[in-house]
Every structure is written in C-alpha cells, then in structure tokens.
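Structures follow.
Next, two complexes with subunit A in common: one pairs it with subunit B, the other with subunit C.
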Partner chain A sequence: MTDLLNVSYDTQIPNNVGLSSDKKVLKALERWHPGYINWWNDLIPKNFQDSLIYLRTAVSVDPKGWTKFDYVKMPEYRWGVLLAPQVEDRRIPCGENAGELAWQEVPGEYRSLLRRLIVIQGDTEPGSVEQQRFLGLTSPSLYDMRNLFQVNVEEGRHLWAMVYLLFKYFGRDGREEADDLLRRSSGSEEAPRMLGAFNEETPDWLSFFMFTYFTDRDGKMQLEALAQSGFDPLSRTCRFMLTEEAHHMFVGETGVGRTIQATVDAMNKAGITDPYDIDKIRSLGVIDLPTIQKKLNLHYTLSLDLFGNEVSTNAANAFNSGIKGRYMEMRIKDDHKLNNDKYPVRTVKDGAIVSEEVPALTAINMRLRDDYVRDAAGGVGRWNKLIAKSGVDFQLKIPHEGFHRQIGVFSSVAVDPDGNILSSEDWLEKSKDWLPTKADGDFIQSLMKPCFEVGKYASWIAPPKVGIDNKPGDFEYVKLHMA
Partner chain B sequence: MNAPLKQHLIDPEICIRCYTCEMTCPLEAIEHDDNNVVVDALKCNFCMDCIPVCPTGSIDEWRVVNTPYSVDEQFEWEELPEQAEIETDSATDTGIEALDDDMAALLAEAHKGAGGKSTAPATASKPTINMYNLGKPAIATVQGNYRLTANDSDSDVRHVILDLGGLPFPVLEGQSVGIIPPGTDEAGKPYLPRLYSVSSPRDGERPNFNNLSLTVKREDHGVCSNYVCDLKQGDKVQLTGPFGATFLLPSDANAHLLMICTGTGSAPFRGFTMRRQRETPNAKDSMTLIFGARRPEELPYFGPLNKVPERFLKKVFAFSRQDGEAKQYVQDKLRQERDQIARLLQDPNGHIYICGLKEMEQGVEEAFSDIARGVGLTWIEIRDAMRQDGRYHVETY
Partner chain C sequence: MSTVINFQTDPSKYRHWRVEYDGQVANLFMDVDENAGLFDGYQLKLNSYDLGVDIELSDIVQRMRFEHPEVKVVVMQSGNDKVFCAGANIRMLGGATHTHKVNFCKFTNETRNTYEAAEADSSQKYICAVRGACAGGGYELALACNYIMLTNDSNSSVALPEVPLLAVLPGTGGLTRVTDKRKVRRDRADIFCSIEEGVKGQRAKDWRLVDEVVANSKFDEAVQERAREFADASSKASGLTGIELTPLNRTFGKDGSVSYTAVEVEIDRASSRATITISGPDGDAPADMEAMQVMGADAYMLRVARELDDAIMHLRLNETELALLVFRTQGDAALVQAHEALLLDNQDHWLANEVLKFWKRVLKRVDMTSRTLIALVEHGSCFSGVFAELLWAADRSYMMEDEFEGDNRPMAAVTLSASNFGPMPMGNDLTRLETRFLGEPDAVAKAKACIGEALEAEAADELGLVTMILDDIDWEDEIRVFFEERASFSPDALTGMEANLRFAGPETMETRIFGRLTAWQNWIFQRPNAVGEKGALQRYGSGVRGEYNMERV
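Now for the complex of A and B:
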C-alpha cells in the first residue's frame, strides 16, 4: 500500500503519490529532471550553490512532522511531489456540478481550461526564482539569505508540483508544456514569463520583501482558489503548497517590518521627527518612510493586475465548472452556484468611478481581488503599529484600486492614490511623488551591501524578533562557501 | 475554584495572519477577525497539529491561567499578556512540562528534589511536548529488547528500542515518554501511561533513524514494567508524549556536566553522552558521571560505558554490594571528588543533574553541603542560584 502521509525516497524524486509504481510518469519526470537541475545550476551564483544553507525540507504531509530543518546545499535539496492527503468522499464545492464527487481524472470538457490554469500557476514559480537570482550577493544578513533561498527552493518545488500534474494528467501536451516552463525566462525578449509582474526586475531587497508580501500573496490567493478545485489532484497539490507559501508571506511581512523598524529607530536615535526630512534620514543609512510608501504603491498595483479583468467570462466558466472556487469556498454560506446573485464591481463611467452590481458569476476575479485587498491590508496595519509605537508621525496607506493599473477597467484612466481621476498631464507631473523614481532606486541600491557576518545585519534592516526554527540570534543560517 | 490550566495562545506581535494554523486545526479551534488569530480554549485539545505549520514561531505560546482568556479578549490584544503570578500547587509552573494534569503531576513529583521550580538550561533546544496523548497515542514498533544486567542477577534491566516508522516524534535527551500498558485496572478503567526517560539522543538510537530507546527495570508486580520488559520484536506499543521541558541538555560546548545516577537513572545520561559524542566528539574533560549500583553486573551499560574515553567522560562507579569491598554509595564518591566538585559549584558553566531513586537525594544533598561548607559556601544558596539559572536538575522516583 502506498503511504500517503510520508514521503517515499525510493525514487530519485521524493513523493507521496506512489511514483515507483507509476512507471510512465516516473520516466517522464526523470527525463525532465536534468533540465531542471541545469536550469537551477545556471541560475544562482556558484558560491551559493556550494554553501550549506539551513533549510527546511518537507518530509511528510502530516502537519505534525511535515518538515525537517538541516544544512543542505541547494542543488541537493530534495524537490519532490507532495499532495495533501485525499479526503474521502470529497465533493465538488461549487458551480453547476456542486455536490457531485470530486474528479480524480481530468473531465474531457474542461481539459484545456485546467491545463491553462496549471501552466499559468506553474510559470510563476520559476519566474520568481529568476527574478531573485542575484539577491544573495547583496544579502543584508545570513538570516535573510537563508530566507531568500528557502523561498527559492520552495518555488522550485512548486514548479515540480505543477509539472507532476502536467505529466500525470495531460499526456503529450502536458510534457510539452512542462518543457516550456523551463524554456521561458523572466524578462526574456523571445520567451518571457506569462504574467507581467514576473518579468519585472527584483533589483534590491526591499523590492524582494514587497514582492513576497504583495505578489506572492496573489499567488496565495490563486492557490486558495485552486485548492477548492473539483479536480481533486489539483486541490490536494495546492493545499500542500499553501503550507509552504505561508513562509513566503512571513518573509515579506517581517522583511518590510524590519526595514521600517530600522528607519524609525535610526530617526529616533538621531532626533529626527519629520519623516519627510528625506536627505537627512537617508544619510543615516536607512530607507525613508515616503520611499517605502512608493515601493508599496508599485508592488501593490502590479499585484492587483495579476487578478485579471474585473468582469470575466473565463473566470465565470472556471467557477461554474467547479475548476476554481472562491477564497474559503467551503466556509462561505450560500448555494455555491451564484446563478442569481449580484456582486458590486467598481468601474469607470462618464469620467467617474462608480460601483455597479453585476452577475456574481462574472465577478469571480473581482471577489478574489477584494479578498486579497483585505488580506494585504492587515500587514500594512501592523507596519503602521510599528511606526506608531516609535512615535514617528506617519502612516502607510494602500492606494486606491484604480491607481497605476495596466489591466482591467482602470487601465484606461489615470487615478491618484486617493481615487481621484487625473488628466494625463497631472499624472505625468505627480506620479514621481507616488512611484519610485530612478533616483529612489539608485539610493536603495547604494544601501545593498552584503553583510555576511554571523548575527550581524545591514544598517537599513533590524534583526528579526524570533529566529527560524527557534534558533538564537547569532545562529549561522548559512555556512558560506567562499572559495 | 477551578484548577489553573494551561492555555494555548498566539503572539499577535509575531503572527502574520496567514491562517495556516486555522486551516490545519482539525477541531476548528482557531479563528480570526480583522485583528488577530486566536485559539478557543474551550475547543483546543492540545493535539499540536498547528505548531509545525506556523512559519513564524508565534504559535508556540502558553500561559497558565485560572480562567482562560476568551476569544473576544484575545481579539483585542496588541501583545501577549505576561504570565500572571498564580497561586498553585507545585504541579503547575510556567516551564510547562506536560499539558495533561496527570503527566504534569508525575513530573512535578519527580523534580521536587531540586528544592524549587525547575528551569531549563538557557541554551537548551526548545522541547516539543504532548504531541501524543491518551486520546491520540503514537504507535511504535519494538525493534529490540536486550537484557543489560547479568543473567544470574535478580535485577532485570532492559534496553528497549522503539521504532516510530514514519511518525514524527521529536524528543530531546532528558525528556520522557509515556507508555500505555494494555488492559484495565481493578476499576475496569484503562491504565494511565507510565513515564520513562528516553535513553537515546535526539537524532535516534542510530543517527537519523526515527527510533528511541528506553531503559526499564522489571519491578515485582509492576504492570507496565513487566509489560515493557516482556515486549518482543515487532510488538506494537502505544506511546504518549514527549514530556518534560526542564531536565534538558545545554547546547553549549563549554558547559561542564556533573551527572549523578543510580540504576535506570542512567537513561537520560546515556542520551546526554551520545548527543555530545555526536555533536562535539573532540570535547575534553567536560562530563563527569557518578554512577551507583550494587555490583558491576547490575550496572546498566557497564560495558559500553567503559568504552567511552575517560577524557571525554570521567566515570566514577560506586558499588554497594561488591564482594570483598566496602560499601560505596554515590555520595561517598562525591566526597572523594570534592576538589573537582567544589570547583564546579563555583563555575558559571557547571551543571548538575541527579537522576535515580528518591532515596539517593538525601545522601547526595548532604555530600554537597559538606563540600560547599569545606570551601566556605552554603549549599542551599548555591543550589537555588544554580536551579534558577537552569543548571541544577533533579529527577527522582
């Protein structure tokens, strides 16, 4: 009998899906494996590949003992295929098939829709590793470096998770798609990653933290929606991925929080009370709060674009067919079909932003985005508490949903962070106050000096309150290979 | 008045509201509002499923309370309340050793000889407790059961190795596990677990095997000890725990350990020694073992112990029934080593561990008092200071 909780290491690919008795899929994965390893090895600078990193590896899908911490060299990380345990008698949670038994095989009529969803999700995983490939060189501490690489290896594992589904359920098409996931590359001219935000650069650590906070949170919401899928293998895959994704949220929230902490501490020490005294604050070797607000504006809005069009028939079809649910579908108390329901969507009419009721089925993207906004606002509130505690008079704000948008109803208008529609001239003049300028980027870049001493942190970031795996503050999270 | 209880809480300053714990909790005991994620004390059964999935470490917080904080109270928190001073019997303290009252009471009784509230060494790894309980025990398989005492001895001490298979069971040296003997007592109720110290190091009897060992002496009419001593390879055993959060090994290569034991009290010290052998195999002169038994033939691990180099572990044996020799007890050996022990009492890196039968306590205390007096010090003061510092530990039964 296949042990469905514990990971089997009897093949090259750790798994809890009985790969050793599924020769066809095993062979396909083994054929894909060297290409993946090459992709990984070409990506991250060699001295980091040779370093020992204190990483967690998933060794089970049982919450009690799912993970093990130890020093690992990244290329030797055990990437594997891990699905949450099958829930007996699981039912399709939403849409016209709601209440029927969940599918264990791909239903023919939804084949291409499902494949596309899996490929889009899969494409983001290696994309983000590519965006972050050089960050190790400027890491503000060994602790942060460890967190970066933990995020990276887990994004790698998430790619494996999607590739397994492609191999297992989509035959030749799936194999071609899996190869393409390694062929496309972030920022490439010929073969870019599929979604815009994954072709943007991650040039510095504040961008990385903002990315993990805002953009990975979109990933989390998409995984939450796919975890509700009536296609059971996809649901089980995504449910387990969410356990890992939580760490990425953690890196983002605490990373930005620690950056803010260093800033307000330095301001207080120097006796600076005006958060807009930017030059003076920057001379302390920390990032001023208005610049942090600009970075927030940028990453938040890029992430909103990832939710697609507010009103979408594709999204309606995915929900109606039971392929993709809503956030926490199982805990929502309605008929889970939405045939006669309405949902409010903001849109632009006659030069004004108005709210209108649309059929709820077509507003699935909008609803997920609203859930995202609520989720993202929580951390911003906690950052503001840090600032308030320090006595500095400043509040970070989440900008209006129409601000700086490239996709959806707001892409046609210029909107300021408070939600006022502007002329393009006004936008051109004022946007430099709202979005990071080249000079802001250069300043942040100037702070990106590596700090590789055990237990030490760069000037612009405070140490964490709690170590990883309950380790003390001076724990050597990375044993750097300096050769 | 209600008895004080331990309440599971989440630190709102560290939590990032990812709700992974909430999704994981099998009882839906965890919920959130726009402000906080909180645990409902009325629903939580300490199954611990939420602990390892938390990415932040905010979830492993506990307070002893007379009345549990309500969900609504917790929603309002900006930070965790301090542990309140609570008048309790000795069974509860804030270094929480076990979450179920029976096990906590057993450990409190075992640690009483330390003369006050026990504290873990500052550098000890954080122990996991109560992963498995009566309602949800772990099932282990007996891998081996070996007699440690000579065949002609009337003392039957066993080395029992239990394999946990794929089950997570993170146990630290010095912690205990509960074994549930099958069957029922006179009143027809299932037996409560009996506690046994683990005698293997944290990474397993063999490194990276998910197994652990126990050192168990057969007691006349002992329900559980007879059950354990008679176990055969392949038998299944119900385990609870791990338990214990203070009798732990410091993770500090500079710490000097004085370990005093009799009989099966050697179990935790076997774990300590093996852990140090694996972690710092080149350490010198940093562990001393004073070990009492009736005869060498009845001293558990006599053979393997003698193979540990003397400079890694200084071994002093006290035999009370050896033919042709005067009776020697551990306290006699302590007095013999008075110079070294006087130095250790004054060394901030000195740690003392005592484990064995309750009867040994008095003699050991007297020896320490004499040694302290000899260098112009007061034992009770040293003991209390060391204990508060997490450097004096007693576990007797």
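Now for the complex of A and C:
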C-alpha cells in the first residue's frame, strides 16, 4: 500500500488541470484526501480492498487512449481529476447570456445556484457507492464483481471531480461543502444523502442492475445538462464523466439482459411456457419475468422522482442564467432563450391527468424527464427482443409516469402502471402486483449466493457475450484476497 | 383580491396547522395545504404561507392562552418532512395589491409579536424545532420564538434570502430580530442576509442565529426533552383549566355595518368614515374570578376585546377606503369600572391576566391601524379605565362640554384607573399617557392622582386628556369640518404623518420592526426593482431575473 500521508499528487492523481502548480487547490485536496480514503476504507469490506481487480483507470482525456486496464487494489486506484479538452471560443449555449464567452471563473451572481447544483450532483456519487457497499459479498461472478467495483471507483472519481470544482472555485464555502459530502451518508438518520433515491437500499444484484440502468441514466441526463453549462470547468468535467457513465449503463443493461436470458433459457429447458407460472420458474433458480417487471417499476419510478418538480423555479433560473442547459442543447433548433415558448406538462386537474402548456423556461425539468423516458425505452426494447427470441410470451413495460411517484404533481394521486387514477385503498391493494413485495425480495435474496470461481456464473444470470477489455468470460477479473 | 377576509376561525376549520396537546407541552405542526390558499392563482407549496395560514396561527396562539392555560411550552415544528417553511408565498405577494401586502405584513407581524410575548405575558414559551429548509418568513417564524433548535443533518439551514432572491426585505421583523434580539454581529448578519442558501449546522449556533444545534438522530428527542425542561422550570401554576373561545356573535349589514353584542360598526362611505361604538356592560360584574371563568367567553371584558379586535382587523383588510375610524362608547361608566376592577384586583388569576394582556394587544393593534383615529367623548359615554386608552390611541379626541339641548344622557366624563398607568403599554414600552406627556412628565402624575374621579370636560381638558372640549354650539360643526378636511388629505401622507406622531419617545425592537416595515419594506414594495413588470418579485419563478435600475437612492 502506498504512503497515504505523503502522496505525490502529480503522479498519484492523474490530472490535466496542473494540480502540482495550483497550491490553493492542492492544499485543500491534501486536507480532504485522508477523509476520503477513510470513507472508502470504512465502506468497502476489507478482503475486497486487498483484492486485485482488473480495472480501467482514466489516464488522459484523449478519446483514443483515455483508459488503461490493469490489476489494481481499489484504495490505490488513481482517482484522477480530468476535464475534457477546452474548446476554443466556447460560448454560453442558453439563457439570457447565450452567445457570450463561456465563463472560466464563477460569475458572482450565480455563485450559490452553481454551487448547489455541483453539491447535489456530487452528493449522488458517493451515495450510490454506499448503497452498493455489500453487493461484493454476493457477487454472481468475478466478472460482475469487477463491474461493480469499476462502477464504484468511477463514482468515487466523479466525487473527486465535483470536489475539485468546489475547491478550485468556491473558496471556504466550497471546502465546507466538500467535507459535508463525506459527512452525509446513504440512508443515514444523522445526515442522509440529499436525494431520496440515494437513501434507498440496493439489497440485491438485480436492484444494482436496475439502478445502473435507470438511476445512473438520470445521472447521465443531469451530466448531459450540466455539460451544456456556460461555466466551462463544469461543462468540461461533466463531458468527461459522461464517457465513464456510459459503462455504468452498459453494466445495467447487460446485467438485466443476462438475468432475463438465464430465466428464459431455464424456462425453455424445463419446458415452461407460462411466464406467470412463478413458483415453478423460481424453483429453477432464476428470477421470473413478472418479478423483473416489478423491479423495473420500482427503480424506474424512483429515478423519475430525481428529476424534481415538473415546474421548477430553480430549473428555470439555472437554464436562464446559462449554468445548466437542456439535453443536446446545441442540437436543438430554437433561440435557446425560451422567453416566449411553451412546453406541455402533464398535471392533475379535477381528478384527471391532463396536459397543460406552461412557460417552457419553468418546464426544464419536465423536458429533461421526457428526454430521459425516451432514452430509457431503448434498453427495455432490447430486453423484450431477448424474450421474444426465446419464444416466451411476455413483454416488459415502462409504467406510466404518474405511477408510484413521491415528487411532483403525481405525488398527490394514486396512479396505476397504465395511468389510471385509483383510490389510495385500491392502489395499495393492487400494489403487490406492481412493486416487489417482501416475499419477492426474500426470494431474490435467496439466490444471492456468491459465485467466486473463475469463469462460473450464478444460476440466475447468464454469462456475458463478450468480456471486458476483449477478455473472455472466464478471465480472472478479480484476484480475490481471501485472508 | 376582493374576497372578504374572515379573521374568525376555529380548530375544526384549520387547513394548515394542527396541535397535539400533551399536558404541559403542546406540539404545533405547520403542514400547509397547498391547495387551500386564501385567493386563487397560487399554490402554497413548501409550507409557504399567505394571510389565511397566518389567521389560523393567530387563532391557535390566542386559543393556546385562553383554552389551554395548562400549556407551558409550545413546540413549533413542520409537519412536512422536507421543509420547515419557505416563508410567505411569493406568487401570492407578486399578485397582491400593495395595500394587501402591507396589511398582510402588518398582521403577520402582530401575530409574531403575540407569540413572542407569550412567554413574558402568559408563561407560554415557544420553542422552534427547525428541520428542513427554513427560509425568509420561515426563519422569521422561528425568530419570534423564544428558543430555536436546528437539526444538524448537513442540509437543514436557516436563511433570509429576500435581498438576493426577491429584491425585497424580510417582512416580519427578520432583519431587526437578527440584530436586536439574536444580537448577531453586523458583518455576519450582512453575509447571512445576502446569501440565498443560508447558514446551517454549528455555524448557525456560532453566529447566534439559533440557540442550539443537535445531531439529527437525537433531534426529536432533544426537542421534547428541552420542552419538558422548560415546562418543569416554569413558574406558572400547573393544571389550569381554560375557557372556550366560542364563535363571535357577528352579523354583517348590507351597507357594510357590522353588529356584535357590545360593539357596533357603522359605515358612512360617502364620508369615508366608520364609527365604532362600544356599549357598556348589560349587567353587574361577576362576583369573582371563578364566576367569570364560568361565564367564559361571554364575560363582558373579554367579549368586548374580541369583538373590537375583530372589528379592527375587518376594517383594515376589508374596508381599505375608509379614511376615518371614530371610536364612541355608550353605557354605565360605573359598571365598566366594576368589570375592569375585577381583573385589576385579580391579576394573579390566569384568566384575569389573559384578559388584561389581550386588551394590551388589542390596543396595540389600534395604535398600528393606518387610519385617522378619532375618539368622541359624548354624553352617556363610558370612557373609563382601559376604554379611556382609546382616547390616547386616537390621533385626536373631542369631548362634549356642558349640557346639550334635548340630550338627557349623563354628562360626558372620563374616568381613569390603574389600567392607564402601566398594564397597557404601547409598542414603545411607555403607557399612552407617558407617550402623550413626553415633554411634561408631571402631567402623568397629576392624572394619576385623579384615578376613580369622573372627570368632566373642563377637568379632562385641564389634565390634557382630550384634544378639545366643545359645547352644544360648536360640537357638530367643528367635528364635521374636521372630518371633511381630514378625509380630503392624501391617505399616504396621513399614514406617514400619523405613524410618525403616534410613536414618540424611545425605540424598542417592536417599534423598530414596524417602523422599518413601514419605511423601508413598503418603499421597496413600491419600487420597480421589486414590483415593476421586470422586477424581481414579478419575475420570481419565471427563471428570468429581475432587471434593476442601478441608481442608488
């Protein structure tokens, strides 16, 4: 293990921000670093800390050679501070300052808004690592374990990226916020994470895959929006983070896909055609499709909540000031100011769900959520193709946006997955068919047995079609330290 | 906003608050129903409030005293787990007329002052337990409590973001309480009041913005523990039984008149005048406080105070174009004295104390009413003791002198009591007589020597208790001319002039709060930078920032 007290930052932290000559930020990072390492060490079980994991490390921002794969112990992972290359003459893409040169320093008038956005984004990164801390113990394969830890270290690196911005641009307030990022903790009664979805448990691997598919996709949309920021350092940071985020969603999509594959393969092998013959299917050691649908319902709806209120002053302010754009802002053909534009927002009026035109500026969250819904549908379609190919008659569906919501206009009504408004009693009665029950959870939990043998996979999940870094599925992705 | 605003409510009608009574401690939860705003056009999101929310709070504070004297500590907290209170609703303010905004602020301030004083007046201490965002008017709710506790969940904060966010000032004494009550250092206060996000955790304690910061996991427990400690340490008698504040007997006439049992409000729109007549008691004073407690809300002194209070609030909010409020009384002065004497002689009885303290508040509300106030001391009147305070709350008072032709009512007289020399201070902490005689303190002593005497016109004039005494020949014309002249002046100039002249003498936190509200906030509320089409208040929520005229005035 390297000497943590005398870290050589220029080599230990790959960076393209000139850290070694930036005394102010260096000092702050030095102060913060031990707390971060403590947080990490307290979090991840010891035998995994000491294991050698085949991880990719970001070493540059060159799109061709930004990663390097090698065995590394997680605490020695090189948490880099990497920003996408600066685009010459970049302009603020939206809002009242659209067209002006992007800011290289924090504009005083937007200081608190900008800081809040960075803190909220930063808070989610360690949050998910905390939620996933015990999953290594029940990993269905070394391949999956490696993916889990890859996601974890990259979330850790994303925290670093946000902390760097706080240190570099927000002075004492930024340092305090950075400390609080380590003080808050997922599910903690003392100081919970800021957003609800990051205080939910990730109790099993199917949850992890759903989380990385649906919830990390919210992260992707937020990063996409922040990548449009007129505050250039934030934009550059987020652009680079997006390259890593793509892997997380890959883990989610293929993880759910492989779970489905194992299920339909087992059904076909046993000659079961009815996907609702749940007990029989479960007895094969796989997760039945209706339960996968319930998990999808849960994680999808928790993720929709992360977009906040449909109509939001904060979102309007962020867009108008040019510090957060829309998804693919530069490809949208309008004036990028939205002063007179409208956008349709679903809302509940007199007991019915109706669409209402509201000023587009205030509907920025809604628009991003709509983009998310489209983006999330892709993988679900590919999962359905797997099922169709197997001949099993079943289709996964994305539930109605009003179903099972805690935030926004739908939080006050009980909506079923098809979009019908029910009484709360009816909804509660039927919710066991829509959301995972304790019994479903217990069953999934019963399958969560570690499978640490090289090249072997747990019964409920199929091997990957191709491995990581073009390595085969039976590559030793983790050299377990079983002291 | 032409809805008639009703200040009477009761627990069965609350939409925004609930109270859980637990012996000596009452837990007061703010849980605003966002769809139950007083007017259309806004939703009360994030526990934000409008006048309707504050009317309920005011009712709760009042009932806490009269119906629940067993309560020694009230814990104000949020029923919403995400936010304590986001303050006054901005869309409501953006859509409100200037008049409504000013009256709204005035009423909310009076409510804050009322529960702030509950510890001193009624031994009911208000603790504020802050979890979640506590911003603007939300922090002002907390500031008016006697003790503020903040959870340390690295998220909950207290804030006064009005300047950076809305281009206005905190409207319910926020700035003044930060400096005068919390005694926050001015440079820290400057930082605090210019950041949107506020201050959280230990720094909030270090900067004196809260009294205590508690770990989140122990917060609820610590709050209840503190409540019990304060209750146990209270010197207030235990196990008192309250009286019910039954609904007021009130009817509205087509012409706008309002009739209560002992108070009548007549409206003369052509003359821009409301006349408020208080009738004397219709029976003997209760034999003792036990008898008064049995009578409850029907007891004369309490009944009149409630009716007068409601009448003043009604006139302020619902009759904004009346320039003059004329106070009259008619009745048996000796009976008034007897009813009042029961209270003054039993000030250690909780109910006597509450009724007297209530009168103190009602009279302060009269002081704060931005209309020309006139008292007419006519034959047959009963300006005695606490009623006589109205003479000095008024901007001017006129008294009948000698007999009037065809008028066989008892000769007009003013009778002083102990009420006039201490228990009914103004916001400046002086009695109305002390304020009146700021330049001639001996006059107060001279008046005090006349306690209990029926002072007829000449004697009252000699003592300086009335503005002018008029006989049968002059009375009608003098008063008519004065009314007409007064009603023709600019209401703005009058409001400013009267407020300046009413509150002579020393400043207190209370006078500063109202003074600064009237001077600064009301000025800012009129400026285009806040309320203009491109002002911050109008644009709030649209995402587009306010455009400011950068000239410093």
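As a convention for this text, the second predicted complex is superposed on the first by the 472 of 483 C-alpha atoms of A that agree within 3 Å, B and C clash if a C-alpha of one lies under 4 Å from a C-alpha of the other, contacts with A are read in each partner's own complex, and residues count from 1 in each chain.
The criterion applied here is as follows: a contact is a pair of C-beta atoms (placed from the backbone, for glycine too) under 8 Å apart; a residue touches a chain by one contact, two chains touch by 3 or more.
From a predicted model like this one, the values you see are computed outputs, not experimental measurements.
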Clash or fit, subunit B versus subunit C on superposed subunit A: fit
Which of subunit B and subunit C A:D50 touches, first, second, both or neither: neither
Touching partner for A:G378 - first (subunit B), second (subunit C), both, neither: first
Touching partner for A:D265 - first (subunit B), second (subunit C), both, neither: neither
Touched partner set for A:V466, first subunit B, second subunit C, both or neither: first
First (subunit B), second (subunit C), both or neither touched by A:P359: second
First (subunit B), second (subunit C), both or neither touched by A:W66: first
Touching partner for A:H247 - first (subunit B), second (subunit C), both, neither: first
After fitting on chain A: smallest Cα gap, subunit B-subunit C, Å: 29
Contact set on subunit A toward subunit C in their complex: 96, 112-113, 115-116, 180, 183-184, 189-192, 194, 313, 315-317, 319-321, 339, 359, 361-362, 364
Residue numbers on subunit B that touch subunit A, as the complex places them: 13-14, 16-18, 20, 23-24, 34, 48-50, 52-58, 60, 78, 123, 125-126, 131, 166-170
In the complex, subunit C residues that touch subunit A: 152-155, 164, 195-197, 215-217, 540-545
Residue ranges of subunit A touching subunit B (in the complex, touch as defined): 3, 5-6, 60, 62-67, 220, 242-243, 245-247, 249-250, 253-254, 374-375, 378-379, 385, 465-468, 470, 472
